[in-house]
Amino acid sequence: MVVMVDEDTRVIVQGITGHQGQFHSQAMMDFGTNVVGGVTPGKGGQEVNGLPVFDTVQSAVDETNANASVVFVPARFAKDAAFEALDAGIELVNVITEHIPTQDAMAFAHYARYKGARVLGPNCPGVASPPDGAKLGILPNRIFEPGNVGIVSRSGTLTYEMVGALTEAGIGQSTCIGIGGDPCPGTTFIDALEMFENDPDTHEIILVGEIGGTAEEEAAAYVTEHVTKPVHAYIAGRSAPTGKQMGHAGAIVTRGQGTAESKINAFKEAGVNVMDFPTDAPEYVKA
Amino acid sequence: MVVMVDEDTRVIVQGITGHQGQFHSQAMMDFGTNVVGGVTPGKGGQEVNGLPVFDTVQSAVDETNANASVVFVPARFAKDAAFEALDAGIELVNVITEHIPTQDAMAFAHYARYKGARVLGPNCPGVASPPDGAKLGILPNRIFEPGNVGIVSRSGTLTYEMVGALTEAGIGQSTCIGIGGDPCPGTTFIDALEMFENDPDTHEIILVGEIGGTAEEEAAAYVTEHVTKPVHAYIAGRSAPTGKQMGHAGAIVTRGQGTAESKINAFKEAGVNVMDFPTDAPEYVKA
Amino acid sequence: MKLYEYQGRELFLEAGIPAPEGTVVESVEAFDDVADDLTYPVVVKAQVLTGGRGKAGGIKFADDEDEAREHIEAILGMTISGLTVEKVDLVEAIDIDKELYASILVDRSNRLPMVMISDEGGVEIESVPDEDIHKMNVNPFTGFNAYHARQLTQRLDLTKDEAKQVGNVLAKMYKIFQERDCDLIEINPLAVTSNGEVIAADSKVTINPAAEFRHQDLEGGTEDIPPLEQEANEKGIAFVKLEGDIGVIANGAGLTMATLDALEHYGGNGGVFLDLGGTDDPAKVKTCFELMTKAEPSVIFLNLFGGITKADTVAEGVVQVLEEEGLDVPLVTRIRGVNEERAREMLQDAGVTATQDLKAAAKKTVQLDKNVQAGGGA
Amino acid sequence: MKLYEYQGRELFLEAGIPAPEGTVVESVEAFDDVADDLTYPVVVKAQVLTGGRGKAGGIKFADDEDEAREHIEAILGMTISGLTVEKVDLVEAIDIDKELYASILVDRSNRLPMVMISDEGGVEIESVPDEDIHKMNVNPFTGFNAYHARQLTQRLDLTKDEAKQVGNVLAKMYKIFQERDCDLIEINPLAVTSNGEVIAADSKVTINPAAEFRHQDLEGGTEDIPPLEQEANEKGIAFVKLEGDIGVIANGAGLTMATLDALEHYGGNGGVFLDLGGTDDPAKVKTCFELMTKAEPSVIFLNLFGGITKADTVAEGVVQVLEEEGLDVPLVTRIRGVNEERAREMLQDAGVTATQDLKAAAKKTVQLDKNVQAGGGA
């Protein structure tokens, strides 16, 4: 089973003519990703990094047969961009943009479900599959190494840190999924766990959670019932106070809910190893 | 494969305390259907035909584990009833009510798709599976005979006529699906053809269409590509003039579209036998 | 329910779609009261719920008050496609540079609203080649968004600003379509004026009949419905007047159509489609025969399949009709389903042909009709 | 952005949710101007963006003008949970028979709005047992329908009419929730008066921060945010003041939290969470250090993982800070990622501890903090 991306993923970049779109379309190609074009309304006919630019996603899909999209457009246009991609038949929409209104994020997450498609993000670094040489988003190319550890995370840099540590220790990764730090992500821990469990190339799973919400507790319950592979977890925010939003829109302990303690306990009860430091990952993974 | 209903279908009737609800909940049970309860807001706690009445579909599902619902509520409350059933986890919602606003019908058809559920109707007689002794809706019990002909139809009485003729000729039916005469049905000819094609108990298929729209033309294209079983069709409205709505909300030839001629030609091109009279069905079916 | 052009225009203006100002008058006297307040030139437009007004002389340009009065006199009372013009709309004349076409309708194939737009406005859309019409579904879960406007307008020959205005019109059309339960909302032409303004120069709005209860503030125009159909509709009976002579009563729309088709197959022509529907009440049967009699058919063919409705209940109604009022025309019946034998016996006892064979009954009906046409009576 | 109670009340009244009439004053003089127009008794309610007003004496009942004036004098300027009361709302007193609780919030588990209702209103909802709170998701594709109201109210001890009124309030709350991009809308208590009227006796409304651009007509209250956090937020930097002394700068919210956790692991206490984010600009690094310095930390710990951001670019910014302004407190850095060797060299050359080992750096930072606490300085 393919975990989200592989060599058959044909990617367009929405907002390709912007700074981020230009930079990361090239970086994705450098990783090996089959980037086939980009979309910027009003700039159809131009080229960026040798890629054709289209006015609409539909035109891009008609011409390039794209099946995935990475969205770099500003927050207030992101819902339009995600809906446009989903209506044009895009199967995987990776929304990088942060500060998207929560109701917009909910709307496109559910519209994806209606369409039988998937949204990854918003406010997320994307997904990389080193063995397939395929990457969506902004994850740094050089930290990865092909291998068999699947990683799913709510945090970007923390994940890079962990992946970097694994690679340095000679432990490669099958797929690394950044689900993003917003309260209502399109792809959840459970979605990722299910994909990793079904992926023969993933042998062990690392989950990086943080305070806020109950996604980690739900993931722990899912692990107990459905996951047979070893799972290791790290939870950021053990020292965070109640009621304070720690950077990410979703990282906030409210009304006694969403504490690191609750998440760590849930994982321990589910038989998941919980790390003290993100740099400890190589010590937990058998590889 | 089960075509829509079988002995595991646990049915509730929305609007069970009304005249139609009372009459047809009993008729469904007489057919053998596993009717488990009914819903009428404000009448929870009562009984109809020995069945418990609940105030909400959720309560009915919680108590009876129902997975299908038949909706008899008045047109202006039908959208509410269908959404309620879908939100409560009902997998098959059979809307009998006619004169439902088209946008309401579109909304609940698409909400069903989002929920991974199915709506049958509106403005339809329901579905009966004689071999399973299971029926939703208002199809008359006595006309059916277990067998291997699958029937899908936009018209109620015309279907009864055809089923009656088959039964009289000793030809039984696997499942008979009335998709209803409205322009935007929740279940389409193509949905039914797909189910019949995959159902080992259906050996031949009869499709009853009528003027209006292009559902028959689309069905013909589907037959060409996906259906290996013999298909026979009858199209009502060959003599109908343009621009006149012939009873059913959907039965109208507009702007040159939706003529019987176009439909009959499409079926003939798809290798479908087209009958001249609805009573001729027994002559077409091998049984 | 169809709205008159001026009613649609009012909905447009409310929603913020640019449209010309206008004044509706029903008489020359009413015009005289407002004539001074109008800005000339004006266009005098017949208000009728049918197309082809232009060709029929129902749309006239007037440079001044006198010319306008002349046109109003000519147009009021005019008959267009069988409809009498009772109102004219006087709208400011606009200087049209380009004529676009825009509409939203129910796409039955996808069960979604569909927006259609074309460069080739001002003519019947049926005459425009398909490749010049740009179509896009709008899902009610997303509503109409910026990308719909971008995708629909990208192939039109418009300036950036014009495209933006057209997108804005489409967004507002969609809002009306949703909020007003439209079956159709059409602007043809959607005019681009010589100074680049996009204006709805016409309106065609149909409200979904089943949703009229939600829009009782709209006094829709009565369509071109014969009085008898209207009477039947008010009684909840589906009744359609057709070109031929044979009156068909059957239960269920599909069966009624199939019966008419069977008659046609044998060379007969249906004159009335009357769907008896499901009923347990002989009185309803009586009502149906009353309506049918008013349509003055040559023969009446009652085709019944008793499913939930019992055949003998219907027969009882028929016998009552015969006993109480009689029938001036021959009646052929074909009865199947629940209690069919008893029903046929009741009818035969009352002197009515009653069979179970559709084809035989259809043939007989056609023969009787031919006898009547030949002047022979039944 | 949180709204003051009176702002929420105004939204409610606009939307048709019954709520008491009220008058907001910011001074006793302002009260004197309107005192004659009020109907007594009134309730004087402190307007602060925090809970626990009642216990703190911020809500008082006044039978007449003089009593109201006394309460206003007492409440204006009062400090509740660290916030100064600058406004009071004077609302008509209502005769409450039952107190319900109603709210709509974002259910992160289902990624849908969730409506919550309880018989047990008037107290902190956290103190109400879970089985007494009735919850239901509302899908934006369906909106709030009659069945939501039925299902939510069916287990409440209400008359039929009261349940209908509550359903109506919930439907309108949902409308506000959707149209105003709320993160939370809470009515506690939702009062049932002695004559059976359902009235919103309080309001708590939070607008989603990311959606504020769509609601610029709402002048939200400033929350209890320290000036330094506000300054940082205005510069687009995530900055949180914590209880401890150690200032942490890292890139990425997760890494910054993880760094604070590592300090705590070794017995240290974070004083500042500062997410440097991704940057290619040494000037941003400078801004971060300026903000950090204002927070007067005991030690600064810079933890960097260079992914897209290059470590040496950040190091360059740090060196500039040291050269141009200097730092009064010790700086520990831990650098990994793109160009990490070069970055560490640059920092070491500038006299800064620079390692690649998170644990070692964390331990060292905690040790330095302890030295400072012990009065020993760096």
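Note that the chains are named A, B, C and D in the order they appear, and that numbering of residues resets to 1 at the start of each chain.
The working rule: a residue touches a chain if its C-beta (ideal position, glycine included) is under 8 Å from a C-beta of that chain, and two chains touch if they have at least 3 such contacts.
Here the structure is a predicted model, which means the values were calculated and not measured.
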Using the stated contact rule, I'd like to know whether B-D or B-C comes out ahead in C-beta pair count. B-C
Farthest from subunit B by Cα centre, which chain is it? Let me know. D
As a quick test, compute the distance in whole Å between the mean CA positions of subunit B and subunit D. 53
Distance-wise, how many Å sit between the C-alpha centres of subunit C and subunit D, to the nearest whole number? 57
Computed distance of Cα centres, subunit C from subunit B, in Å: 27
Taking the mean of the C-alpha atoms as each chain's centre, how many Å separate subunit A from subunit B? 42
Give the residues of subunit B that touch two or more other chains, as numbers and ranges in rising order. 107, 110, 114
Among all residues of subunit D, which ones touch two or more of the remaining chains? 139-141
Within their complex, state which residues of subunit B touch subunit A. 110, 113-114
Which residues of subunit A touch subunit C in their complex? 41-42, 44, 55-59, 77, 79-81, 83-84, 87, 107, 110-111, 114
Can you tell me which positions in subunit D touch subunit A when the two form their complex? 106, 108-109, 111-113, 126, 139-141, 178, 181, 183, 208-211, 213-214, 238, 240, 242-243, 250-258, 260-265, 269-270, 273, 275, 305, 307-308, 336-338, 358-359
For subunit D, which residues count as touching subunit B in their complex? 137, 139, 141-142, 145-147, 150-151, 154, 160
Considering only the defined contacts, which subunit A positions touch subunit D in the complex? 75-76, 99-107, 109-110, 114, 138-140, 142-143, 153-161, 164, 181, 183-185, 208, 210-215, 218, 234, 236-241, 244-251, 255-256, 260, 276-279
